[in-house]
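What follows is a single structure, and I will ask about it in a moment.
Letters A, B, C, D, E and F name the chains as they come in the text, with residue numbers starting at 1 for each one.
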Amino acid sequence: MNRCDGRARDQLRPIRITKHFTKYAEGSVLIECGDTKVICNATVEENVPPFLKGSGSGWVTAEYAMLPRATASRNKRDIQKLKRSPRATEIQRLIGRALRAAVDLDALGERSITIDCDVIQADGGTRTAAITGGYVALAMACQRLVEEGVLERTPLCHSISAVSVGIVDGVPMLDLCYTEDSAAEVDMNIVVNETGAFVELQGTGEHGTFDRAQLEELLALGEKGNRELQVLQHSVLAE
Amino acid sequence: MNRCDGRARDQLRPIRITKHFTKYAEGSVLIECGDTKVICNATVEENVPPFLKGSGSGWVTAEYAMLPRATASRNKRDIQKLKRSPRATEIQRLIGRALRAAVDLDALGERSITIDCDVIQADGGTRTAAITGGYVALAMACQRLVEEGVLERTPLCHSISAVSVGIVDGVPMLDLCYTEDSAAEVDMNIVVNETGAFVELQGTGEHGTFDRAQLEELLALGEKGNRELQVLQHSVLAE
Amino acid sequence: MNRCDGRARDQLRPIRITKHFTKYAEGSVLIECGDTKVICNATVEENVPPFLKGSGSGWVTAEYAMLPRATASRNKRDIQKLKRSPRATEIQRLIGRALRAAVDLDALGERSITIDCDVIQADGGTRTAAITGGYVALAMACQRLVEEGVLERTPLCHSISAVSVGIVDGVPMLDLCYTEDSAAEVDMNIVVNETGAFVELQGTGEHGTFDRAQLEELLALGEKGNRELQVLQHSVLAE
Amino acid sequence: MNRCDGRARDQLRPIRITKHFTKYAEGSVLIECGDTKVICNATVEENVPPFLKGSGSGWVTAEYAMLPRATASRNKRDIQKLKRSPRATEIQRLIGRALRAAVDLDALGERSITIDCDVIQADGGTRTAAITGGYVALAMACQRLVEEGVLERTPLCHSISAVSVGIVDGVPMLDLCYTEDSAAEVDMNIVVNETGAFVELQGTGEHGTFDRAQLEELLALGEKGNRELQVLQHSVLAE
Amino acid sequence: MNRCDGRARDQLRPIRITKHFTKYAEGSVLIECGDTKVICNATVEENVPPFLKGSGSGWVTAEYAMLPRATASRNKRDIQKLKRSPRATEIQRLIGRALRAAVDLDALGERSITIDCDVIQADGGTRTAAITGGYVALAMACQRLVEEGVLERTPLCHSISAVSVGIVDGVPMLDLCYTEDSAAEVDMNIVVNETGAFVELQGTGEHGTFDRAQLEELLALGEKGNRELQVLQHSVLAE
Amino acid sequence: MNRCDGRARDQLRPIRITKHFTKYAEGSVLIECGDTKVICNATVEENVPPFLKGSGSGWVTAEYAMLPRATASRNKRDIQKLKRSPRATEIQRLIGRALRAAVDLDALGERSITIDCDVIQADGGTRTAAITGGYVALAMACQRLVEEGVLERTPLCHSISAVSVGIVDGVPMLDLCYTEDSAAEVDMNIVVNETGAFVELQGTGEHGTFDRAQLEELLALGEKGNRELQVLQHSVLAE
C-alpha cells in the first residue's frame, strides 16, 4: 500500500507557516500543508455580538471560504448563489469552536477576534490546516494586544492544533491529501490542545463505518500528528 | 448528582414514535424524546441532483428546521433573515450523511428521498431524535416503494440510530435534556448502525476538553442508548 | 349533489382545538378542521415595530407557513427560494388584520403578540383555520398577561372566527375541503366577530363570477359556520 | 360631511387614461385618478410558466410596484431590502386574478401577458386604478395580437374594472383619496366585469366592522363607480 | 453618413425638462432627450450614512433603475433576481459622483439628498439624461431648503450636466440614440460643470479603441453638447 | 513635493508578476504593485452565457473581490450582506470590458474564460493591477488551449495593460498608492493595448475637476506607465 506522494502512513505532509503574510491584519499567516494553502488573518475589533453586550466577556469566531479556483474546477462565489456554502458553514463553525478553546474570553474583555481562513489552494485537510494556522494568527493577535498595552497579559490559555486521519482501502493513515480523502471509507478530524486533550472529534463513515479498534488506531495517528504540529506552532511563534 | 428528571445516568428519556403522523408523506413519524418533539416526513421524488443525472444512482438528503416557538423564546424564521440558520445547516448535513448510510443508493435507482425534520418542541437532543425518527420515516418510504411495485426489494441496508451523551459537572451521562446540555463540559452525538459500528461521531468540548478515558465512558453510554433505540425502531416498523 | 365526505351543504367538518399543544408559547393550540391541521403559537414580546415606538400602543401580527410536506407533493422551503411564498404573504397579512380586530392595542401597551400559524397538513381552509385557532392562542396569551400581573385586565375586546364558503358546480357550500376548493367557481373567506359583524370579506371568482343573490347565499352559510365556531372557541377557552 | 376635494359621496375623481404612454410595450397606458397616477404596460411573451408547458393554455399575470417617491416620504426600493414589499405582493396577486378574468386563456394559446403596474404618484386607490388601467393595456395587447396575425380573434372575453369604496366617519363613499382612506373604518375594493358581476370583493374593517346593511350601501356605490369606469374604458379603447 | 433621425453630427436630440412632474418629491423633473425619458426625483432626509454621523457634513447619492418595459423587450425586476442590476449599480455610482460635485456637502449640513432616476423609456443616453435631469431636481431641492428656512443659502456650488458622444462607423457624433449606441466602436460619457471643467470622463472602446486625435474630437463634441445643456438647465431653473 | 515612498512623479512602484501561483487554474498569476497584491486566476469552461448559445462565439468575463482583511480595517464578506459590493461590481465590469478587448471572441469558439481577481492586500491601484495581471493569466489560458490542441492558434489579439494616474495637491503623478489616492483631486484609470490605443479611460474628479491641459499631462504619464507594463508582461509571458 503506497501513498500517492510516497509518505509513510503516519507521516504529515511538509508544513510551512509564514507569519505576516499580509500587512494589515493583527495576526496573519499563510499555512501550507503539502499543496493545501490557506491564508489565516486575525482581526481584533472593539465590539462583541449582541448576546455578549455588557457581559465583560469577548468572542472569538471564524470564517472559512475558498477562492473560486482553489479546486480542480471552478466553484461559483457564494454571493452569486446568495447563500454561504453549506460545507463552508459547517467548517467555519468547527473552526470557531476549536479556536474559542484557545482563549480565556473573560480575559479578552469585550472585544472580538475574527479569524478569516481563505483557502487559495485545496488539496485535502483544509479545515484542519485552517485551525492549525488560525491558531498561530490568533496567538499573534493576542500578543499584539499585550504589546500595544490594550491587555496586561495574553488571554491565550491553550495551544490548539488539528489534523485529519482516515481509513483508505482498510489502511488507517495520517493527513490525507485530496486523492486519499476522496477514496476514504472513514475520515476524522481531531482537534486537541497542548496536553493532547480532545477539543473536538469528528469522525464520519459515509462510505463505510468504523469500530472501536479502528477508532483507537485513528486516535493514535492523530496524536502523533498533532504533537508534531504543536511543536511547529510553538517554534514559529517563538521566532 | 441528580438529573433534572430523576433519570439514572445511563437512562434514556421516554421515547415515543408515532407512525403516519401526517397523511401525504411517503413516510411520516412524530418522534418524542421526553419533551423534544420532531416531525420527520420522508418524500420520494423521481429525480436526482445534477451530479447524479444519468448515474443510475439515487440520493438521500435531509432538511432540519425548528418552528419559531419550538424554544423558550421565539426565533425569527430563516426567510426573514434571508439565510438558513448556520446551526440548522450543520445539523441537516449530519442527518443527511447519517441516513445515507442506511440506503444502498444504487439499489434505490435514480430517485431521491428527502427527510424533512421539523422540530415543534426542543428540549435537547433534537438532532439525534431527528436521525432516529428520520430513519423510521425513511424505512417507511422504502417499504412503500416495494409495496407499490416501484422497486422489487427494499434499498434499505442498515438500521441507523443516534443518541447524545455528555459530561456534566464531571459526570458522563446519556441523552441530555436542554438544561443538562447547556451546562455540559463535553457533548457528543453518536450515530451507529444495527451492528453498533460508528457511522458518525461528533464530540465537542467547548467548555472543556476530554481525554481517552472519558471518551471510553461516553462511547459505552452511547452504545447502551443506541441498542435500546434500535430495538424500539425495529418494533415500531414491525407494527 | 354529494360532498366528498357526505356532509350537508351547510355543515362544517369536525373541528378539534387542542390547547397547550406546545409548552413554551404563551398561547398554543393545534386546530384540526377535518384533515386540515394548523399549529397556532402566540408569542408575547416586550417590544414593538419601529412605527409604534413611544406610542404607548401595542401590535398584533401573524406569520403563516406550511411544512414542506403539508401537501400532496413536496414544496421547497421559502429559504431555499430566498423569498417568502407570495401566497403565504397574502394569507398572513389577512390573519394579522383579522386578529388585530380582537385586541385593544392601546390596552395591550407597548408590547407585541405574534401568532405563528404553521400548517402541518393542508386540506382546504388553512387560512380560516389559522384565524379561528389563532384567536384561541391569542386569547390564551392575553389571559396569561393578566395572570402574570403584567396587565390588570385583558386587552381582548372581540372574539374572531373565520370560515370559507364557496360555489361548486353552481352549489353554494360551507367549509370547502381541498377537492371542493380546487373545483370551486367562487370561493370566499368570511371573518366575523362575536356579533356577526364583518371584519374581513374576501370573495374571488377566478373561474367564474358571482352576483348579489349568490353573495347573499354565501354570507348566510358563513354566518351559520362562524356562529358554530364562536361557540366552540368559547367553550375551549372556558375549559 | 364634506369630502376633501368637494366631491359628492358617490362621485369618482376625474379619470384620465392616456394610451401609448410608452412606445415599446404591446399595450401601454397612464391612468390618472385624481392625483393617483399609474403606468400600466402589457408585455406579450411567447412562453408560459412551467405548470402550463404543453397545456396549450396561456397565462396573464401582473406586477405592482411604486417609485420610491410616489408617496409623501421616500420608501426604500425592494431590492435594497431584498424582499418584495408584502403589500405589493398582496396587491399584484389581486390584480393578476382580476385581469385573468378578462381573458380566455385557452384562446390566448401558450403565451403570457404580463401587466406591469408602476405607481408614479399615490393618492389612494392605486390598486383599483391599476386594475382599471391594466385592463386597457391588456386589451391593447390582445388587439395587437390580432392585428399582427398571431391570433385570429381576440382572447379578451370580459371588460374588467375596479373601484374602491369605504366608510369614513360613518359615511359610505366612493373612490377614497389617501386622506379619506387613512381615516376610513372600512374600505373595500370591488372588481366587476361588464355585466356588473363580481370578480373579486375585498372588504376590510381594521378600524371597525361592517354589517349587511352597510355592505349593501357600499356595493351600490361600487356599482355606480364601476359602471362609469366601464364606459370610459370602452370609449378609450374605441378611439 | 446619415444619422437615423437626420440630425447633424454635433446636434443634440430635442430636450424637454418638465419641472414638478410628481408632487411629493422636494425636487422633481421629467427629462426627455428624444425618446429617452427619465423621472428624476430628489428627496431630502434629515439623516446621513453611518460614516458621516457627527461630521457636520451631508451626503448626495443617486439610485438608477428602469421600468421593466422601458426597453424593446421586458427585463425582470431586480427583486425577482434578488440582485440589483450590475449595469444599474455602475450607472448610479456614476450619477452619485457627478451630482456630489454640484454641492458643498459641509454647507448642506447633516442631511442627505437622494436622487431617484427611474427610466420609463430608454433610447440611448439614459445615464447622461439622468445626470442632466437629476441636477435640476437637486437644484430644486436645494432651493426649497432655502425657501423653507432650513438653510440660509443654497449649498449648490456648481451646475452639472452630462452628454454622451461616440464614434460610429468611424464618425464621431454627439448624443447617440440606442441604434447608434449599439453600433458604436467607442462611446464616452462626459460630465462637466458650468466652466466646462471635467467632473467625470468615461470612454470605452469595447468594439474598438481610440487614439488621442479621436479623443480630441469627442471632447469637442461633448463641450458643445454640454454648453447647450447648461443653458437649458439654467433657463428651466429660472422659470 | 515628495511621494510617500520617494518615487519620482512618473515612476511606477516595483511590479512583480509570479506565474503559476496556484496549480489548478488554466492561467494563474500573483501580481504585486508595491504593497498591492492580487491573485488572478483564469478558468476556461466549455460553455457560454445564454445570449451566446449557438452563436459560435465565446466570452471573457471577470470577477473582482477583496479578502476581508485586504484593507486597514476588516470588511464584511459580500455573502453576509447578501449583495455584491457595488464598488466591486463597478470594477469587475471594467476589468471584463478591458480583457475582452484582448481576445478575438469568434476565434475562441463557444467557450468562456473567467478571470477571478482576488485582492489579498490593497494599497491603491487594485483595479489596474487586476487588469494588468489578469491579462497575463488570460494569455496563459489561451496558450494552454493551443498546447492542448483545443484551438489551432491563440485567440489572443491584443496585449492589455492598465495603470492609474492622478492629481495630488495639484501635481499629476503615476501609479498612486492608497495614501495618495485618498488625497487625490482627480484620479484616472487608463487601459491601453500594445499600440497605446485607449481601450478604456475613466477619469473622476470627486474632490475637484480637471481641464484639457491636465488631461494631457495625465495621459502622458499613463502612456509611460503602460509602456513599461507592456514590456514586463511580454517578458513574463516569454519565460
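Just a few scattered comments:
In this text, a residue touches a chain if its C-beta (ideal position, glycine included) is under 8 Å from a C-beta of that chain, and two chains touch if they have at least 3 such contacts.
Because the structure is a prediction, the values reported are computed rather than measured.
Annotation: 27 Å between the Cα-based centres of chain E and chain F.
Here the CA centre of chain A is 33 Å from the CA centre of chain F.
Each chain gets a centre from the mean of its Cα atoms; for chain A and chain C, those two points are 50 Å apart. Each of the following residues of chain C touches two or more other chains: 82-84. Taken as a graph of touching chains, this assembly is arranged as a ring, one closed cycle with exactly two partners per chain. The ring of chains, read from chain A with the first step to chain F, runs A, F, E, D, C, B. Residues 82-84, 86-87, 89-90, 93, 97, 100-101, 188, 192-193, 195-206, 209-212, 215, 219 of chain A are the ones that touch chain B when the two sit in their complex.
Of all residues in chain A, only 22-25, 28, 35, 37, 39, 41, 43, 45, 63, 65, 67-74, 77-79, 82-84, 114, 116, 118, 120-121 touch chain F in the complex they form.
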